[in-house]
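Here chain A shows up in two complexes: once beside chain B, once beside chain C.
On to the complex of A and B.
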């Protein structure tokens, strides 16, 4: 692709996903680069990317690899005084050019190709997606068998296949069972919701996944979707409606908060000092700050401490936007991963448990604990694991 | 340069394979990884030396449809022509397969024919060599880089022990590829879908004569190894492990 073709393709995509003229309003203030977890290491911060776009140096940005140094944490977009869609458009559209050139970072390329073939990035059989249900002692019904339900539960790829994250899925399913929520799963009919493919710039694959998923949803009768995958929550809530999907979508922190009175009656005391990590796509992007805090604080015995960077200013775990597949690539630019910085921050405020609302955080932070030598001092739990522990004692 | 890459499909091991004494029944097929590298290397050679790349998909009658995605992927990456050779075969003698393919390829005037060095469902790795023998042209396997050089090829070949060799190979030739010199090119989904719509595949039937000699007596799974989990405190486990290692004479 020559530079003029690159520009044409780039702005065509930009106009499809956002207001393509918005980038012209960039003040070059640098708030984005100063807010970015990778700002210090990136050869092109978002500010500089826009400057390069204006100077028609798009090829230099792509050659630098800066388009992959983004965890889609949304801090730049949130703080941008001109409200330029950096996370949802400027950067993914640059990434798409790399994909079209055929040379994205290898791990990410494999994850995307696996998602296209198997409906999950792990190269696992789609027919084993619901194999976690065999590991629980209660019934997890299939919506195809149960018929009308209140809640369609979407475990999403990490929740269905990742060994650690399956524990979170099982904990949340057990909570729904204990609370008496009328829920069911799609089982092996479920496939990747696709938010990471979208943010990675694989728009064609995202559209295909969205189309197929909506067709599957339309086969069944349910009132709302619940998921503990923050990115699935984001895509279902913000992107799927653009393709005609109109059901309510709840993050599991919201579901737990909705049922807090019932939960309170079941809680036992826990002797933990807990800090809560505001994950990007629950907090900053979708405004859920109070519900998880209320749930945690309702557990007797728990001492709740805040980290210094909280709520809209929370630091990303580094896993979003395909970041979970870019670890070795990013390592070439940055010595300390954001997750390592974050667990150190949690330790510095005296917490012995980091509670998260996002399934990607758990493996990211557990790896970071090993890297920082904090393993043993701190543990990472999804909020559903903490709540289940409070019930089971 | 007129280049032909050979592409086969093999059972997709992500899915379970049903097995009984008479047959293996894979749930799905996928492009043979070494052949994907062969296609990639063929396209790299085209970039370097100019010319065309034909991709010859080799399938049996019952897997004829399973190679279409892989052929479309090759087309999306820049292959010029797609051919699907449907083998009618009952024989398991690879030589007969190579001979039949050689019969099809002999008057096509390819300068280089590039298969992957082996397929996961036939470890023998004999197709390239036998094909070259049947066509009476040179064969070199284990290639990791191919350059065009003064009307011949310069081929980098992987040797044992981490060593490399560089060979000059006259044309026409068959070159068996281990891996392409760059990672497989990524193809975005939308481009693949477009290729699936646009790609034209020429189908040819290739007769493979039935020859006595080798026949399947049974398929079976090897017995599962016995697994013992050592349990207890780390010190206890270490003691038990030492005991086990002594029993099997490792210590």
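On to the complex of A and C.
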């Protein structure tokens, strides 16, 4: 593409995202750059990207690779005084160009390619999506068999295939079973929900996945969707309705909170000092702050401590927006990754368990614990793992 | 009127404004065909003297008794032509304007359409004017007393101008002392002169002036009436100390059960402490203590021997005081209720309330003030002087998440604080800004001086303040993170103290004031002036003026200018002695009124009452403002409005539609 074509493609995409026109009102104040976990390392902070767009230097931005230095944490968008949708529009539209130009970082390119082909980024067979079901001792029904249910449970790709994340899926399923929730799964009919795809700039693929998924949902009768994948939660709640999807979507922290009275009766004491990490897509982006805290605090014996950067201002784990596949790319720019910074913070407030509500956090933080040598001091648990542990003793 | 209706029609070219779109000749011919039209003329500028003379001549020579001018908007020249009629001996309300400029020539594309539209407007006006009646303009006397709400520098300045002119002023201030925000400052930009030195003499002058009745710790509760005749009810909160007996000796404060001050002082922005009985600051006016009912041991729990009362020689302390009301009558009102500072805790990433060395600008103003809690020194929580200080501009301003607007004074006061902090502590000072707004007399020079003195200016809005150290240098410090947008690099600056330059916001109770006085406000909540350029201190409500920061952020020079302008406007009304009332008020056709009382409920001015004997509604012409709400609401068509009678409106509509 020559520059003018690039511009045309770019602004066409921008015009499809609500409020993106606001980039024209950028004050060049730098709040975004100062807030960004990669700001210190990026050759083009969001502010400078906008400046470059104004100066028609879009090619220079793409060459610098800055468009991949974003974990879609929404901190910049949240703080931007002009309310410019940086995370939803300015950056992913640049990524789209970069994909079209054919030079995205390799790992990410592979993940996107796999998603298009297999419906998951791991190049796994769709038939293995529900293989975790065989590893639990209770029955996890398929919605196609069970018919009418209250809850459709979506483990999403990480929860279905990733070795560590499957443990979380199993814990949450067991909790639902113990509480007595009427739930079922789609089994191998489930397909990637696609939020990471969208924020990686593969808008077309995202729309395709969304369309197919909505068709699948329409086949079955259920009241609401529950998922422990914060990114799937975000897309189902904020993007899918734009395509006509109307069902209630709950994050598992909300479901646990809703059933807190029942859970309380089952709790045993746990001798932990726990801190809670506000994941971007649960907290800052979707405003869920209190529910998980209430659940954790209800476990007897648990000492709850807050980190310094909490709620809207929590630091990202670095996994979002395709970040899980950009690890080696980002290392070229940054010495300390956000996840490492974050686990150090958790340790500094005296926690020995860091509880998270987003499925990507667990592998990201466990890796960071190894890198920082904090492995002995601190463990990472998803909130459903902590709750199950409190029940089983 | 028995005499034959003879209408004169005058068509204005307005230079080329109208003439280039509307075919004047065709319109002239058309006018001649309309009923009762006796004279038809056109002229280049009807509003000019010769234009107006045409009307007078025709009244005299041709016996014209109704006038229609087809020209611009009535808001512009209705009064011009009404006066022309009056001078010609015609009742000014036997006149109607057809707007063929703003509503036609300026907004219609083709000459064809514009000419047709002009015909319709003209026909409507001719139809209507034939039905007009002669109306008399009522007059009302202006009560020469003035109410001023708010005793900041705006209220004080206006009060003194008026009082000096011999006018009786009621100055109502909700706090225990006057002075407003200015009383908190140590020095003021751009001259760095001491705030107290210029403010205190004015405050004492207010207290001393025989024409000013000062009501502190009081609020306006209710306002009724209209320009020239407002009835105002003022609530005086109990101070528990009698102002007329107290001599300001501080004996009661000294002897209070609480030996040490231990409650956060409102005046000190919570960084200083006070007792339950206190005087906000040494130059307070009136210099009379107030007892806080929420902390006094007697008032909360009846558990105190009332040491304060024992200590008081003149026996001024009175625990039986309750709320009192004062009713006053005034002719004009000046609203000068100022602003409230933005609540910095709303931006959690700046750490206010979380880190002890993050302060707001007003707190630092208090530290700098020699009567403040640190005796004029800028100190950290540990009592030491800071070696590095960051000043964060635009806190809560120019930010769509909070307030969109620029608070205008904070750039300048941030530069002031930078210079004062540097002078008192020798610290390195960093100002983080988006743009420096230093537009004012001697302001740029003030900014340059700060640079010359070594204040650092970093162009970038602060992203966050944190105590998470990333290097040795940052340990134990507050780290200010911002993108230095000129350098193109994110910087982390470790400092000892952070000062948040909070913006200005409308007062908490602005809506109550606004509704009580029937004022409007802008989208941001500031009280709205009648015209942003040409009527900056008048409001939509006749006889009510605004001054100072209640109208929008501004500095002291501008505040005082507005206050004195508002005083001038009030004086102008008072000097006039009486004002004319618009005759387009409503009335009830008694014979039609069914007594349903619907109109009474809808009138926003409380102008309608019920005649119990005759069982009909009655409108008080002195209170009616001619809004027409009752006319629309009346199911019996009994409520009618002069100049907007049903027949007149129908005739006009037919004229447009035919």
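FYI, the second predicted complex is superposed on the first by the 392 of 393 C-alpha atoms of A that agree within 3 Å, B and C clash if a C-alpha of one lies under 4 Å from a C-alpha of the other, contacts with A are read in each partner's own complex, and residues count from 1 in each chain.
The rule we apply is simple: a residue touches a chain if its C-beta (ideal position, glycine included) is under 8 Å from a C-beta of that chain, and two chains touch if they have at least 3 such contacts.
Source: prediction; values computed, not measured.
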{"item": "Touching partner for A:103 - first (chain B), second (chain C), both, neither", "value": "first"}
{"item": "Touched partner set for A:308, first chain B, second chain C, both or neither", "value": "second"}
{"item": "First, second, both or neither for A:35, with chain B first and chain C second", "value": "second"}
{"item": "Touched partner set for A:141, first chain B, second chain C, both or neither", "value": "neither"}
{"item": "Partner chain(s) touched by A:208 [first = chain B, second = chain C, both, neither]", "value": "first"}
{"item": "Residues of chain A that lie at the interface with chain B and also at the interface with chain C", "value": "none"}
{"item": "Footprint of chain B on chain A - complex, ascending", "value": "96, 99-100, 102-104, 106, 109, 112-113, 116-118, 123-125, 127, 202-205, 207-208"}
{"item": "Residue ranges of chain C touching chain A (in the complex, touch as defined)", "value": "348-349, 394, 398-401, 434, 459-464, 466-468, 481-485, 488, 490, 492"}
{"item": "Of all residues in chain A, those that touch chain C in their complex", "value": "27-36, 39-40, 45, 47-48, 79, 81-83, 308-309, 311-313, 345, 348"}
{"item": "Sites on chain B touched by chain A in the complex", "value": "14-16, 27, 30, 77, 183, 185-193"}
